[in-house]
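I'd like to ask you about the structure that follows.
Chains here go by letter, A, B, C and D, matching the order in which they are written, and residues are numbered from 1 within each.
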Amino acid sequence: MRKLINHPDDLAVELIDGFVLTNSKKVKRVARHVCARREAPIAGKVGIVIGGGAGHEPLFLEFIGRGMADVSVHGQIFAAPTPDAILTAIQAADAGQGVLLLYNNYAGDVLNFDMAQELARMQGIEVETVLINDEISAFPPERAEERRGTTADHLVIHIAGAAAESGASFAEVLRITRKAVFNSRSLGVSTAPCTLPETGLSTFDLPAGRMEFGMGLHGEAGIRQCALLSADATAEQLLAAIVADLPFRAGDEVIALVNGYGATTRMEMFLVMRRIHSWLTEQGMSIHASELGEFCTAQEMGGVSVTLMRLDDELKKFYDATADSPGYRSLP
Amino acid sequence: MSPADFRRAAAAITAKINAECLHLCELDSAVGDGDHGTTIQRGTKAGLEKLQAAPPASLSEDLMSFSMGMLSSMGGASGPIYGSFFQGMAMAAKGHQAADAPLFLAMLKQGLAQIQKIGKAEPGDKTLIDSLLPAIQAYEAALAEGADFATCLQRMSAAAWQGVEHTKTLVSKRGRSRYAGERGLGHADAGATSMALMLECLANNAKGETSCAS
Amino acid sequence: MRKLINHPDDLAVELIDGFVLTNSKKVKRVARHVCARREAPIAGKVGIVIGGGAGHEPLFLEFIGRGMADVSVHGQIFAAPTPDAILTAIQAADAGQGVLLLYNNYAGDVLNFDMAQELARMQGIEVETVLINDEISAFPPERAEERRGTTADHLVIHIAGAAAESGASFAEVLRITRKAVFNSRSLGVSTAPCTLPETGLSTFDLPAGRMEFGMGLHGEAGIRQCALLSADATAEQLLAAIVADLPFRAGDEVIALVNGYGATTRMEMFLVMRRIHSWLTEQGMSIHASELGEFCTAQEMGGVSVTLMRLDDELKKFYDATADSPGYRSLP
Amino acid sequence: MSPADFRRAAAAITAKINAECLHLCELDSAVGDGDHGTTIQRGTKAGLEKLQAAPPASLSEDLMSFSMGMLSSMGGASGPIYGSFFQGMAMAAKGHQAADAPLFLAMLKQGLAQIQKIGKAEPGDKTLIDSLLPAIQAYEAALAEGADFATCLQRMSAAAWQGVEHTKTLVSKRGRSRYAGERGLGHADAGATSMALMLECLANNAKGETSCAS
């Protein structure tokens, strides 16, 4: 083990303690596994609840704030949060305008969030769910509803949050959020394994000098292993698969995102982004904005994922709005 | 099986899972995300605490406390799944002071029904159903042959372990492990293994009291 | 090697290419190794030039923007930039109000920056230098001027940048910046080694389960190795040394910073921050603000550093101002 | 040493450093930041390119081109240090068509002086001075004994390598490696090693022309 922790059983709760202490000016603790932006619930605004397993920080914990979500519910390491915690989160976000549950499409998350959604509805709270499923490797397009959510998360959350902030109705927020999800595609490569902090076990083996495409955020097996490619070749192969999937076409305007999984240097991310710009330009697409950093991590896994989101004027308008969350800030 | 028997079984389950935690994580690592051991360990501990904190109650109420303790502590896919399993058993036990061999069969069946109701998994999907279902079938066959409660329980746990073996030959269609696809072949399913451990502990702690049942 | 790169010789220039493409709305390329915020040089404002070797991203490259520096000059991996590049940076920042050279105190940087400063002065540009030397492990307080600069960088740059942005005179900016440096102290622990991207060589060995205090940002040997401590114990030992050095006293108001060196998870950083808050509170200090993230990295090195900066009303006023740089954003 | 000799020497230096790049990085890793090899490789390549791009010129101008090429490409501590070294040699060579044995000594001495002027290091600080200074002293002694240019140069490079050996016994006081302190013992200094490589190449490529010097 190479990690600085205390007692393994306390990991999730202690990291949330630290998060709230670090951001006490703008964030509050609602329950052991539930945090909210200070102002939540915000009168007249659609509420947005995000969440999932811990260990992917800043996702989802830190994406609460202006132009982002209202409440985040953060489970144990790699384990979806429990129904009771999610219910508490829904109540903390509810201002009577409806509450959107926005999270990644994993079996465990769906099982727990659905239970909580049912309980909340029994209490008369209007709740709807939008699942994020941007990762293209695990299933073909015709089975898109089975796909996992990964690194498009903070982009979708920001667009949903900006739409809600603008005073849009629940139906409008749902429509815009679904559109943001529909237009997002991601694929990643892993270059180094990650270890579970409680056990010190690595979730998969990957020898130095090799890379794996489509590896999951929890070390779930990917689709293809090969010798480590150059930054340029990596960008080209990821883009070819992503662009073919939607498909993205010449003339499309996109957001280009390079996400680091954990141990990846920004140097590597910049090299990949460099090729993304030249490649998309060659294809006749225009890049409205570029994002680079660690938004969705898998502990200290090495490698990057690339996400493209196709924009229309409506999505662009909300994307360009201010975002101010501990995990993601963007100023016009 | 009396409420006292179940409380003893729950303690045994919790101890057993605690001892097997790392092994269950390793099984989950092979194809999933490596956390099943810690998740189920957290769940059984919380379930037992809830149970022991509760005043003496009926078998059904005790099963329900254990279920709620797991559901509110585990998360992941297995939280709702195991929560539903014990909830189903609780529903079938309702109104009975203790469980005799036939009632225990009904409890197992309703536990399975709840799992499938929420999880939508089929036999052969490489989930804990693949150790639970053969266990139930073996139990039912034994009962039909007129075997006593103790024997039924022994056949049940033996069959559960055969089911675990069988999962090595299956390709996962549920949960995180499905992403491994063919790569999962040769690896036993983590949840099927934890289910076999639970059934084994239930068997060893229920059989003593059969006489005073129903 | 586990890194996504192209040709090793092109690393530094290609990463700067990617940086400029990623941030083209707010940043411009001035020369191969020189980047500036779009508006630079800004009439009536003191110019601020920062820089150093590459491989520590976001430091220094990405700390240019509103409330931060005007120009950054970024060398090769772990090698200070050259005098001619630094001279170009000084010219790009100069609006006739004086130019501040703000960088870390390493032999290589001082040699190159001093040469450039001399050349700029010969051209009649008013240039002064403030060296950052917050790292306490390498030399005792009485030899503070020999100490290295590390993770206080973006805090000092922000305060200097905010002071310049406020229209303060060159003398004022120098005084305030020196005060910010004087009140900053840092110490770190490493838990995993890092490799040089050009060679794949790791700059030091560190077995799993061990940690080293005071390791340099380039793998320079530290002061003490020991078995991996808990997050709590790590925070306590770092704070004890830092607080004794200034010394920080009960009643002091501070900024508390936890910096990740590269492979460190935010989970670990939050655990360390959690103990920092309780420890400083026990000591009777008050925390004006907390910062957590990767600001100064050493490739994929594991571990954290802790920085404390003591504030007075003046430093607080400038710290609280908006910062908007690709590497560091802060909103009031 | 004629301008042509120096150009040949510069090419030899560049090739030699290129071949030793990884080794120099390893030496720098032991106590510094592991980049001396890549830094000096970049510098000699750039210096040679500048030299070859320049029209035929005097020895002093050629040395100056090489110096500027290194200075504007290397960075790090060694960039200004090596830049100053060749700049010092250029200053001493000014006005001479070629260098004979005595002039070459003066060039070495001024090169060292420039290094110390900007770097402030003393002998024994575990820097490239610890291979350069003994090399100069050996050269000077040989010259005093009346040895010819070729012999002086051979003594010079032999002494440089002895200096490199000696640096293993020194505790660094300059540059990044000083942070290693005692831990640096047993490791040769990277810069002292690259300096010995340079002096060796100068020796091997200057000696042919001694006759036609001055």
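Miscellaneous remarks
By our rule, a residue touches a chain if its C-beta (ideal position, glycine included) is under 8 Å from a C-beta of that chain, and two chains touch if they have at least 3 such contacts.
A quick note: this is a predicted structure, and the numbers were derived from the prediction, not measured.
Work out the mean CA point of subunit B and of subunit D, and you get 76 Å between them. A separation of 54 Å divides the Cα centre of subunit B from that of subunit C. Here the CA centre of subunit A is 33 Å from the CA centre of subunit B.
Because contacts link the chains only in sequence, without closing, their graph is best described as a line. Applying the touch criterion to all chain pairs gives A-B, A-C, C-D.
Against subunit B, in their complex, subunit A makes its touches with residues 8-9, 53, 75-85, 106-108, 111-112, 115, 138, 148, 196, 198-199, 201-204, 216, 218-222.
On subunit A, the positions that touch subunit C within their shared complex are 1-6, 11, 14-19, 21-25, 54-55, 57-58, 62, 189, 191-192, 197, 208-209, 228-232, 234, 262-274, 277, 289-292, 294, 297, 299-300, 302-304, 324, 329, 331.
Residues of subunit B that touch subunit A in their complex: 22, 25-26, 29, 31-35, 37-39, 42, 71-81, 118-119, 174-177, 179-181, 183.
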